[in-house]
Every structure is written in structure tokens, then in C-alpha cells.
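Letters are used for the chains, namely A, B, C and D, taken in the order the chains are written, and counting of residues starts over at 1 for each.
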Amino acid sequence: MAQRNILLMDGPDHKGLIYQVTRILFEHNQNIIRNDEYVSPSGYFFMRTEFEGDTDVNEVLKVLQTELPAGLNLRINPKKKKDIVLFVTKEHHCLGELLIRYAFDELDADILAVVSNYNTLQPLVGKFGIPFHFISHENKTREEHEALILKTLDIYQPEYLVLAKYMRIITPEFVRHFPNKIINIHHSFLPAFIGANPYRQAYDRGVKIIGATAHFVNNDLDEGPIIAQDVKSVDHRQTAADMATLGKDTEKAVLSKALKLVFNDRVFIHNNRTIIF
Amino acid sequence: MAQRNILLMDGPDHKGLIYQVTRILFEHNQNIIRNDEYVSPSGYFFMRTEFEGDTDVNEVLKVLQTELPAGLNLRINPKKKKDIVLFVTKEHHCLGELLIRYAFDELDADILAVVSNYNTLQPLVGKFGIPFHFISHENKTREEHEALILKTLDIYQPEYLVLAKYMRIITPEFVRHFPNKIINIHHSFLPAFIGANPYRQAYDRGVKIIGATAHFVNNDLDEGPIIAQDVKSVDHRQTAADMATLGKDTEKAVLSKALKLVFNDRVFIHNNRTIIF
Amino acid sequence: MAQRNILLMDGPDHKGLIYQVTRILFEHNQNIIRNDEYVSPSGYFFMRTEFEGDTDVNEVLKVLQTELPAGLNLRINPKKKKDIVLFVTKEHHCLGELLIRYAFDELDADILAVVSNYNTLQPLVGKFGIPFHFISHENKTREEHEALILKTLDIYQPEYLVLAKYMRIITPEFVRHFPNKIINIHHSFLPAFIGANPYRQAYDRGVKIIGATAHFVNNDLDEGPIIAQDVKSVDHRQTAADMATLGKDTEKAVLSKALKLVFNDRVFIHNNRTIIF
Amino acid sequence: MAQRNILLMDGPDHKGLIYQVTRILFEHNQNIIRNDEYVSPSGYFFMRTEFEGDTDVNEVLKVLQTELPAGLNLRINPKKKKDIVLFVTKEHHCLGELLIRYAFDELDADILAVVSNYNTLQPLVGKFGIPFHFISHENKTREEHEALILKTLDIYQPEYLVLAKYMRIITPEFVRHFPNKIINIHHSFLPAFIGANPYRQAYDRGVKIIGATAHFVNNDLDEGPIIAQDVKSVDHRQTAADMATLGKDTEKAVLSKALKLVFNDRVFIHNNRTIIF
């Protein structure tokens, strides 16, 4: 029986790359179902190919590694369900959305645990039988707090961390443990209103549209590669608090969408930008 | 110097099609810049490839025709600027948009003439130095009227007809002269509110969103393949007339978008649906 | 301390209505915080006023009833939290959304019970400690089934029924028990694709946008007053199944938005249209 | 015959203001057709009332001025068609849109003249028979250039200046001549990407949505009250140049929408925010 496979590939562009890949797949009796490529203006190549066939896919990978130019990053059939840990503080809207999706197997991921600096959301997480780690930041330096979190993460060995309204700044040192593996939902249409109280800022500026941004976290807070954004119209009647309430729906929808893309291996990162197939 | 080329290809799917095409391009020293493919659930294959190289592109086409499976529809480098004739009645909003774009060479098409069953818009067309053919439908059967129009079109030999708010029903007989070459803007979110007075219908139904649809025209009025759609929010305060005014902005934006896609050779048609790259 | 009050009023328009109402509020030392009015083209008047003051609001209502023209429908301070019963079949997305909101007191309603013709969603509802009534329709006439449901509803005396993906047709006889009190989420952009399998229909028609519609239920299925609608873009790659998955996010967002409007007493109904303040 | 009138009113809030206004209108036999009010959290009151009646509207205004609390800003029946002058540089998309609307009397304004620091768009403006003033900024200080422009504006005495892609910074001194009377279209979703080359900035930041903002101009460039905003989705394939092209459609739509609101006397300004009815 034919198996559906995914090949991910990125690296410096070379003439004939698509030809080489499709040739090798053809020679291994693999049928391409869907193929996406992109070459950046700077000459970097990205390709995501779905294909079906009955030959050993590891065999195919070996041939690709041998015959394609050096310097390419090649992956075949990444783990289908990503192991993830969620980070939350006190707001439930993103967490609730992800728990419901997870309960019905729609998340393309296994939620191994939820980490929080408050115990507010423990009852909700408890309903779904997922471990909840309340790790307070009180009376601790940022480094002490993060050390405790890292110890907890050690137990689970997650591939991705999802900051589902985690309202703590994390240090570059912490980020270094999970390069391009931390996803955050930011409660503004980045790069507008970077930083604290974006809805207050939006109200004060009198904008007619508010938004939310899901992005990878890198060293510079709020500056990592953007995965998804969406917006909602507002008018003068909305207070900053109303905007925050309205914004929550956008936040959870944008985070869900971004996670779906990342967990389905559709997102490449290059030069602080995402390429999404 | 390398020339930018476009290859368009559709037909029944075969294993290895992408490989065959990319091989032939590679062997002719052509570099793929952008590649889009799609295979429909029914097994029909679509491909649009942009490539650059210095070999003769007719040579490439000949080899493709020889080596690829029979039954494929292959085109290389379709005419860049399409020859078009616009059809209008009395409303100026779509016409004005297209004339301004044309005046600044943004239309990817040459407007050879404007045909209308009223002379209302003659002064506007005159400002842009384009022939205006006022062909009244009064005191004529539909067939007589269309015969006169066809005679006029004979002069211009347009590739596409654009119905930019042409409020006359056209006969299947007329359509047969321009299969998949007539583009219409319909003032509703098809398939809702098919037929006359869609904004009146929308008002009566109390919808909260109105829309517009650009589509190819086939024998069944309002039933041809959809190219582009967009919507705008409305509320109870808008009368049917307000909706019509508001809808005009959507209509011209949707028609412009659809024409850009068609004239850039990004649109395939299959089974009454469009595949757009 | 000043109390925040809401006055709802609709009926045939009379000259000076706003003046009369604002005068009476002024004379009772009530301060208007927010005022919305609308007069339909057919001469029907709608008003929703938020006001604050320390006089007895029942006194105010009595004066309004005495001094305003007869034939007006007047309500002051409707119950803040509506008593509701949810109806579901097998799909969890709308239910999950509402349960999470309810758990955090964001629904402006009390979910008294969930009724379903399948027991699929019992475990989810159980997590939230809400009664779940599995009333199978198998081996029953439609009338027998509805009689059982009505008996269950008798226990709870809900003000509103919310059909959160309840995939059974309900009879006009059933609707008659809850006039303008049943809210449905329809998985299409009404009036397009009325009836079964709207995503299949949307796929076959090749639309570029899909939508969802929340509406009151009246005798004609899918024909009741529309409360809220929203849309999402799709392209040729989406199968009917993909559209259904994508559509679910729109469905739950639209239903949530509609319920918020209704439960906050912002929705009037007139001539099969909604007036929303 | 009843005449349709508009009353605009803003100032510090007082209890009973709506009552006083509606009473005076009622006593003058004026019928309210539409009424919009808003009180800001800071206690500032805004009201826009459309009413019909056969008494002298100046009489009504006099009574309002006498009987209402001092400190209110009251206007009745502002000039229906605003006198405006357009400012452009080299881009035609906003200008073309406005000229077409003007030619068909859809602009709610009279375009008295077009001022430009280049002569690029003179031929387009000429088609519509509107005076074009080419006032080059070359070899002039900013002050000299603006002095020339002011001299030209003196001829026309416009109420509003519309910067329809005018790519020159204007001085606070110049703005002081037209307080809250200059409307600009900014090619970004403010406050993101303030300043030059916003589409380049948007590309570099890898945003998934771009936008445009119409706003009043005050002393701080790009910081005036926002009137309207809209957005469009983009992805990694769009270059900065593609985004600029795509953005133009948003720019002209947003500017058109904003002008319609302002010219219909629907926009109040307070604390650098707009209140729009």
C-alpha cells in the first residue's frame, strides 16, 4: 500500500534542484501529490513535497543526500504529532481553545503539560487530565524561575513550547534552549504597539482596526518571525477593555491557525521571515 | 541575456509529469524561477512554470510536445498584453477603474474599444481616446442586437470580452463565439441572489454581508467559473440603495483583481471551477 | 448609588418619541449613558437606551407606559443572564467554545442543560458539570422525538434554545413553542447553499469565499432573521472536507458573536430582519 | 415641504442634553430621522442629528444656542459640497479614483484644483478640466515652497486639503493654516511602519497583512487622528514592490471611504481620536 510522505528541503538555490528531486522520486516510483517551492530574492531555496509510493522512504532520503548539492537541509517525514508544552498565566481563552482541540484530536500535537506562573487555570487543565505545573515567579530572580521551568521541561522533552498568553518576559538564555521552537501569541498587530498594554495603546492612538500576531520567539522580544496575523474592526465606542475582550477572539484564532501550520510542517524560517506552504 | 518565459500546461495526470517537464527545462539550460502545480481529486493536472534561459523557447516547446504524454494542453509565452473589448451600460465605476489603470499601463491589456447599449458613458471613454461603439438594443431582437455587436467585434478581434456592468443578458449563441473568454462582474456574492436586483434581495433577506463575484460567462447565466469574490459588512441602517452604492466599490475591486489574474495567465478552468496560481 | 438600566422599546413611529422618552428619564433624574435609535423605512421605531440614576426604575417604566403612545413594546432591565439550553448532535466545536466561555462566566447566560440526539458529546459536557440529555431520534417519529425534548425542556424553562450544530430539522410546531427564541448556526453564507451539505455545494460551485450564518429559527428552515455572518477565503486546493474544517472556526466565532448580541439585549426583530444596536 | 437638516454638536457633557435638544426640535415641529450620540469616558459629548420640518432652521439654531449650556460647539446644515484642493506627487491611483468619482458627482465635494510638486499627473487632471498647479520644490527651501502653495490656495479658499499621495513633508506652520482640515492617506497600517518606505519595512518584518490609513494631519507627521483603515493579506512571495502595488488598491479605497465620512459631516475630532457616526 502506498504511504503518504513529506519531504522538506531548504538551502542555497542551484539550477536544476527541482528536477533532481523529482527525478529521484520518480526513479523510486514515488508519485508527487503536492509540491511547493519558493526561491527568495536572496537566492535561498525552499521546497515541501508530498508524495506517495511503496519504496523505502529512508532509501529515498539517502539518495537525495548523496546526489543533491551539499549544504541543503533535508528532512523526510517529521514526527506527525509534535510533543508540546503550553505556557499560560491567568487568561484562559487560548488555553481553552487548544484543550478542546486536543480533546478531539484536532491539534496535530500532544499536550504533555501546562506550565504557569499562577495556579488560576489549574481547574480547567485538570478537566482534561493534563499535568499542570504551577511554578510561581514570586520571590525568585528571573534566572531562578527559568531554571525551575527548565527542570520541569526536562521531564517532558517537548519539541515546541507554546506561549498561550504567558505574560512573562523570557530571557535570551532560555530561548537558546529552544531555537525556533517557541511560539507566542502577541496581543497586537505587530509591529504596532510592541510591548505592554497594546490595547491601551491602540485605544489611545484611536486605531480603527486591532489585531493579533502569532510569531516565533527569538532574543528580541516581539521581533521573531511572524507566522500568522489577523484583525478586527473597532470604532470610537470601544474602550481599551472592550478592545481587549474583542481581541481575545482574534488571539485564539490566530494562534490556532499558526500552530496548525507549524505542526503540519508547512513553515520554514529564513532571515527572520517565514515561508509558509 | 536570459529571457523570462511562462509555460502553461494542463491535462490528465501522469506519474512523473513534473519530473519530465523540469528535466526538459534543465536540459535546455532553463532555470525555474517559480513553479505551481495542482492535481485535482479527479486526476487532472495543472502546471504554471516561470523560467529563464537563453535557449530558443520554441525549441523547448517542441521537445515538450514530443516527449510528454499525449493529451496535454501546452502553451508557452502567451501574448503579454491581451486585446480586450469592454462592455458597459450606464454605470461608470468599473469602467472608470479600468480606464485609469489602462491610461497608466497597469491593466496588462489593451482596451481596443468600448461597446455599450447606451451612450451615457461616451464622454468618459472619449477622455481616454478609446473608440466607443454605441449599439442600442432598442427596436431590435436580441439576435439582431448581438449580430451588430459581433460585426463590431470583428473589426477588433479581441481575445477577451469584459462585461464591466453590462446589464444585458447575452445568448448562449453569442457566448459560443468566445468560449471561456468572457469575464463578467456580478453584483452579488454568487450563488446568493442570482438574477436581477441582488441588492434589493440582500436587503429583503437582511444579510449582514454583501459581496461581488467576477466569473467567466458560460451558457447558464451567473453559473460560469468563479475567478474572484469579495465582501463588505452591512447593517440594518443600509437601504437597498445604500448597499448598491457600497457594493460598487467591491465590484470594481473584484473585477480588477480577476482581470489581473486572467491577463497574467494565472487562471485555468476545469469542470466549471477555476484553478488559480 | 446609581444603577445602570436598559430600556428597550419598539413599535410604530410617532413624532417626538425620543423627546418623550428622554424627558421622562430626565424628570426621573436618570442620566442617559448610551442611546441607539432606528426608524425603518416602513416607519417602525426601535430604541435601546442605557441610563443611570437612583429613582425606582419600575416607577420610570410605569410613567413611560402611561405617557407614551399606545402600541409600543416597552421593556426595562431584562434578566441579565439568560437561561439557555444547548442542542448538539456530534460536532463539538461550537459546544466546546460555549462551554469554555460559560466556565469563565463570559457567556451572559446560564447553560441549564445540553440536549443531543447522540451521546457522542456527553463526556465533554460532563467535564463541565452540566446535565446532558441524550434523546435519540431512532425508532421515533419526528413528533414523538420532539415531544420527548419538550418534556425535558419543561424541567428547565429556558428562555433561549441554541442549536449549536444540531443536525435535525425541527418542525414549525416545535418552533411555535419558542417564537424568536431559537438561535441556529448555519454552516453556509445564507442564502447561498441552503440545505444539506453546504460545503460540498460550495466546493462544486467553486466559490472563493465560504461563510457561516447565525440566525433565529422560524417556520421556514434557514429563512429566519439573520443575526451575524462571517466569511473566510478558500481556493481550489481546498476539498469540500477542508472547507468544512475551515468553516468550523467561522461557525463557532459567528455563533459566539450572535449570542453575545442577543444575550446583551441588542437585537430587535422586525419583518424577518434584525436591528442590532 | 419638509427639508432635511443636520445638527452637529459637541462639548462637555451635561445631564439632559439629549432631552433638551430633542425638546427644542419637537417644539419647532421638527421630526428626528436619525440621531447619533456618544459620550467619551472623559465626559465629552458628541451628537449628530438628522431631522425634517418646515420651520426656519436658523430659528432652531438660535433657540439651541440660547437654551443649551454654554461651551457647546453647535453647527446646523454645514455646506453640503465641500470645496477641496488635492495634493499629489507622481502616483495616480488615488487621484484617478477621486477624479472619476468627481466626474460623476459622487465625491460630495468640488475639486477646485490639483497642486503637485511634479507635472507628471497634469495630463490626467487635464482630461477632467480641473486646474493643475505644478509648483516644483526644486531649488526652494521648504518655506519658500509652501509660501508659493499658500498663495495658490488663496485663490481657491478651500475648506479641505486632501493629500492624495503627496510625498512631501509639510511643516507645522503650514498645517496651522488648516487645523483639522488636511486629510492624508498613509501607505501603512499606522502606527506600524511610520515614515518612509513602509512597504519595504513591512517586507523586512515579514508581516502577513499590510494596510493603509487615512488620517487628519497635525503637527506630528503620521500622528494625527485616524479616520479609516483597511488591510490586505500578503505572503512570503510578495516582494516589497508587490506589496506597494497591492497596497495602492487599499490606499485609494481607504481614502475614498474617509473622505465620504468627513464630507458627509460624520466625523468629530477629540483628543487626537475621531468619533464617527
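Throughout what follows, a contact is a pair of C-beta atoms (placed from the backbone, for glycine too) under 8 Å apart; a residue touches a chain by one contact, two chains touch by 3 or more.
None of these values were measured; they are calculated from a predicted model.
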Comparison of A-C and C-D (more C-beta pairs in contact): C-D
Of all other chains, the one whose Cα centre sits farthest from subunit B: C
Cα-centroid distance, subunit A relative to subunit D, in whole angstrom: 41
Centroid distance [mean C-alpha coordinates] between subunit C and subunit A, Å: 35
Two or more partner chains touched - positions in subunit C: 38
Interfacial residue positions of subunit A with respect to subunit C in the complex: 92-93, 96-97, 99-100, 103-104, 124, 127-128, 249, 253, 256
List of subunit B residues in touch with subunit C within their complex: 38, 40-41, 189-193, 205-209, 211, 225-231, 235-237, 239, 272-276
Residues of subunit C defined as touching subunit D within the complex: 15-16, 18-19, 22-23, 25-26, 31-35, 37-39, 233
